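Pasting a structure below so you can have a look.
Labels for the chains are A, B and C, by order of writing; each one numbers its residues from 1.
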Amino acid sequence: MALLDEDRLFPIEGRARDLARALYAEVRDLPIVSPHGHTDPRWYALDEPFPDPAQLIVTPDHYVFRMLFSQGVPLEALGVPRADGGPTETDGRAIWRLFASHYHLFRGTPSRLWLDHSFQHVFGIDRVLSAETADWYYDHIADCLARPEFRPRALFERFNIEVISTTEPATDELRWHGMIRDSNWGGRVITAYRPDGVVDPEMAGFAENVALMGEQTGFDTATWDGYLDAHRARRAYFKEFGATSSDHGHATARTEDLAPTEAAALFGKALRGACSAEEADAFRGHMLTEMARMSLEDGLVLQIHPGSRRNHSDAMLAMFGRDKGFDIPGRTDYVAALRPLLNAVGTRADLSVILFTLDETSYSRELAPLAGVYPCLKLGPPWWFHDSAEGMRRFREMATETAGFYNTVGFNDDTRAFCSIPARHDVARRVDCAYLSTLVLSGRLDEEDAPELARDLAHGLAKKAYKL
Amino acid sequence: MALLDEDRLFPIEGRARDLARALYAEVRDLPIVSPHGHTDPRWYALDEPFPDPAQLIVTPDHYVFRMLFSQGVPLEALGVPRADGGPTETDGRAIWRLFASHYHLFRGTPSRLWLDHSFQHVFGIDRVLSAETADWYYDHIADCLARPEFRPRALFERFNIEVISTTEPATDELRWHGMIRDSNWGGRVITAYRPDGVVDPEMAGFAENVALMGEQTGFDTATWDGYLDAHRARRAYFKEFGATSSDHGHATARTEDLAPTEAAALFGKALRGACSAEEADAFRGHMLTEMARMSLEDGLVLQIHPGSRRNHSDAMLAMFGRDKGFDIPGRTDYVAALRPLLNAVGTRADLSVILFTLDETSYSRELAPLAGVYPCLKLGPPWWFHDSAEGMRRFREMATETAGFYNTVGFNDDTRAFCSIPARHDVARRVDCAYLSTLVLSGRLDEEDAPELARDLAHGLAKKAYKL
Amino acid sequence: MALLDEDRLFPIEGRARDLARALYAEVRDLPIVSPHGHTDPRWYALDEPFPDPAQLIVTPDHYVFRMLFSQGVPLEALGVPRADGGPTETDGRAIWRLFASHYHLFRGTPSRLWLDHSFQHVFGIDRVLSAETADWYYDHIADCLARPEFRPRALFERFNIEVISTTEPATDELRWHGMIRDSNWGGRVITAYRPDGVVDPEMAGFAENVALMGEQTGFDTATWDGYLDAHRARRAYFKEFGATSSDHGHATARTEDLAPTEAAALFGKALRGACSAEEADAFRGHMLTEMARMSLEDGLVLQIHPGSRRNHSDAMLAMFGRDKGFDIPGRTDYVAALRPLLNAVGTRADLSVILFTLDETSYSRELAPLAGVYPCLKLGPPWWFHDSAEGMRRFREMATETAGFYNTVGFNDDTRAFCSIPARHDVARRVDCAYLSTLVLSGRLDEEDAPELARDLAHGLAKKAYKL
């Protein structure tokens, strides 16, 4: 028995299923290009065994623990650390049993597909997780994790990862990346430049971070010009560790293109902690345009990931800190918001800006029309809550007719759940093959063009868009 | 000949249709749980025959008369009462003929499915309604209505209704519910607490209603504390008549959590009719949080039905009054709007708040992410204009991946059209079976889990969520 | 070999495909009614040969050149004229080669379907366009264009166009329409009244246009009453050239119903160029209501096309002028925006207002509920970026259940690309037949009603709604 249907996510009907299956055969074994994600570079640097099954699969995965919490399971019981260091469950087996006994909650969700894919393909499991099989599962996975072929580098190779990007703050020393680079291991792990801590005046420690960036680079970051030069230097430093992109996750897509004196004045206020909320927002918006200008200089791809209203629950933020499943999408405007940046540099074909959204209404109304005309714009894949079979289908159906395929950039797994990476890429490949099959069989795509497109969507577009 | 296709709303293709049919066989005969609706308790109390066919089917159904009006049929000609008591058509047969001659307008609409289902299953009709068959229909239905087996209680039993909730204003004496309770009839008809008239300062008669609530409960509702105690007492009174929920239908989902002195001051202004529009809105928003706190005390489920812009046409409101088909949905924000309530009580697993929407864009962007993490939140079924095959399909496709099935609450018919109740539940059951079948055949759900889920969606989740 | 699949856009599955094919056979050869579009009346007046293939197919089609521009092809290289008259490519063959070598960009887009349809059906081509076939294509099409059967009137007849509307500014003399009317050619080409230049105070030349309208009509357009009378006179003039509709394309759907003195005061300010942005917007909104009142007098159908944020890129507007692919849709509210107009005249069944949108979220939330109750409102077909297989499917799925079919108005091609007209109507007919087939086979539509509906959607509704 298998946990997974071999034909999952393909069209149900005969000819369309057959064609999807044939297209999938073309791409199933292509290497994984993962140009945006959040795995921990320390794993690849030290290559130590992963800890117990619960620490690997349950405790760090916000998709998993948010669903359990929504049905009344306290996060403490899942071992999620408390901000105050107070007690939480530490017995991996107890956490695993709790997870297993709630596994029915994941019916019909992408988490279920990712988990079952990991269980079957990473750990060779053939029975369904439940309260009854919980202990067997725990023992089996724990045994696996103790073996050398389940260490990070071995899995990286087994997963057939051609290249993976992590994401680090602008002031990170990239110690683990250095260790990977200096090792004799051949895996390609690169970083990405994430400057939130030094472009967001409302982030705790902003002034200290900017000062640190000055120390790191030798520029006087108390001045506007020195601050910009320090960014340039840090971007160059990140490029030494393979970076080909920067990443920006503001609450909105607002951009600004302020006069230098105005930007410098705002920056000064930001350093003094004197910005109003509106001024801080304007400063963040302006920095996106500055980053785009630097991209024209140094070639880094600019990723804009807007729309998450972070830390929605005050109580949960106080108790457990950030990234605990309480980041909720909100309506996001792109048309007015991006105009300042696009008026500054938008018609440059040598710039590459990749747009993501958590607001699906923008696909057909805003994002596809924008990406379908501005040479610098490309559409990132469905993101976060939309990284799912239905989410991917809606993206293709709503974006392709106006933006085409070649203004999109393949798939991002965007995950910190290492074992789910092959599963996520597999879902994307299957959904795209299903979509292409449907286009062919409804006379909207030549059958001979479909295999090339399938390979582009699975592999080629990501390499090209991210310059990998 | 039958009016209805036995396989309606199932997938068209072979295997998926077969599985949907099999799942439907599991749920087709389950009793109806109707936890939210607007049937008239007087029907069940007095058990008198329904009036003529037009009075039963055309004149009270805003789905029906709004469509006819949209094509130029005056509401007067359909017998809809005028606010000034002026003349309208009173000849049921004339109204019925007008309806029948416009029946083609309902092609492709859910009203057509509901009506044909009533005609076939309630009245045993096998021919299509048209100008030609209008008189035959009228005579046939009129004959039926004169017979005992078409009285409300007999139909209630024939419809296999396990429990039905009506909705009454907070100050209602619940006379009909008392009569039902004191009768020897076994049908379970419960009420729900709808406090619009005593929480909305802009509702006509607000101060009088609050004063009446004081008389009813013995609390001094001229004071903030007395007013809250009066709510508690009325909620307890409603619980004596079976209520398990309260219901709140503001124009937006705004909530507030004001300091008690601030709330008390607003309440004073509201009683004096001195609230600005903004203050009235803040007061309504604050009262949602107060109701949620009372739910923690007394266990009533809190239903929030926002987003309708009521009485869009001034002329039609003046001529015919409220609820005449001119309530139009508008964009509705939940993420910011619900934060005050959720910050106050949102992480309590012993609270149950059911969210509805008329803005489908919120399913995947806001509602599923919120319900997928807050333990108090559940998603109500597609509502009003979305209570339809396509509306239900979109709800499942857009909500399930993030919220799962167990953060949803089964079906509500939410209707005052008694004969349509079995039809509406049947549509929901068919669409859900079709959806489950598609999940199974695309490898997203284990086939052995599908029957249990089908039963949960048709029956179990509604009972559990509404504590029935 | 054919470029097109004979069964394109039909359901893939057997029975549904068979029924769609049968329905399509009913409508495939119906004449084309094109009640809204932008072809050049000069073509029909002079009946001169079309210029070279690039000038016919590439250079004027913003769907085509925006996609090429989005992938880095400069507009100058495609022969798009510069605003300053500077040099652009004039060699049609060079432009065509560039287009052909990028033809893969259109995979999966409606442009590809329209182009291939033109190539196959207008020019009898059976091989795919590519860099390799570019010269063959160019020579073949150039040869065709030199022949009499490819002149505008011959194509008009070959395309089986029953009637086509162009769109002219309110102050246009309609010279070409006069020439067509006075010719002995039987083709029915009508105009539509587009008063942007005389109702939008922010349009360049507003005061001059208003003065010109005074000269044309003999009314004193320096006064509010004279201005309104001049509109009446110009509308009557347009009706002499067949106009049955007016057309209004503001950035939003805002309407106003100002008191006459207030409107007159705003008009005075507008003539003096003294309106603020808000006042100009209010004036445009008020003029929609005035136009609706005039429609009650003269019977012209009022078309409202809101939601495009025009000329998004300052640089492209400066370099190439308007209508160069940089018009981007934005969120559009209808519920509050239309209230003033609807409160003024909305319940009049002798008024006809056709609403379009670029914001698909409004279909189910706002437009279908509005059109499903107001007798004056009808829904226009999917427009611009949504004039596509997926766009049309979503429109039917999201609008039909609440508005029905008879509050919709058939198809508009809305194009200036003459050769694409049969292709666009063909796509609409196929998608509608596919939708009807799906309704029948899922038990939501009687099979015997489907052929009549198919004919109504393809032909009858457009004739009726536009009074053609």
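Here is the rule we use: a contact is a pair of C-beta atoms (placed from the backbone, for glycine too) under 8 Å apart; a residue touches a chain by one contact, two chains touch by 3 or more.
Treat the numbers as computed from the prediction; the structure is a model and nothing was measured.
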| item | value |
| --- | --- |
| Turning angle required so that subunit B lies on subunit C, C-alpha fit (0 to 180°, nearest 5) | 120 |
| Interface sides of subunit A and subunit B: same vs different residues, half threshold | different |
| Distance between chain centroids, defined by C-alpha means - subunit A, subunit B (Å) | 40 |
| Junction residues of subunit B, two or more chains touched | 13, 361 |
| In the complex, subunit A residues that touch subunit B | 4-10, 12-13, 66-67, 69-72, 104-110, 112-113, 128, 309, 312-316, 325-326, 328-331, 358-361, 385-386, 388-391 |
| Residue ranges of subunit C in contact with subunit B within the complex | 11, 13, 15-16, 333, 335-336, 339, 342-343, 346-347, 349, 361, 364-366, 368-375, 377, 397-398, 400-407, 438-439, 441-446, 449, 453 |
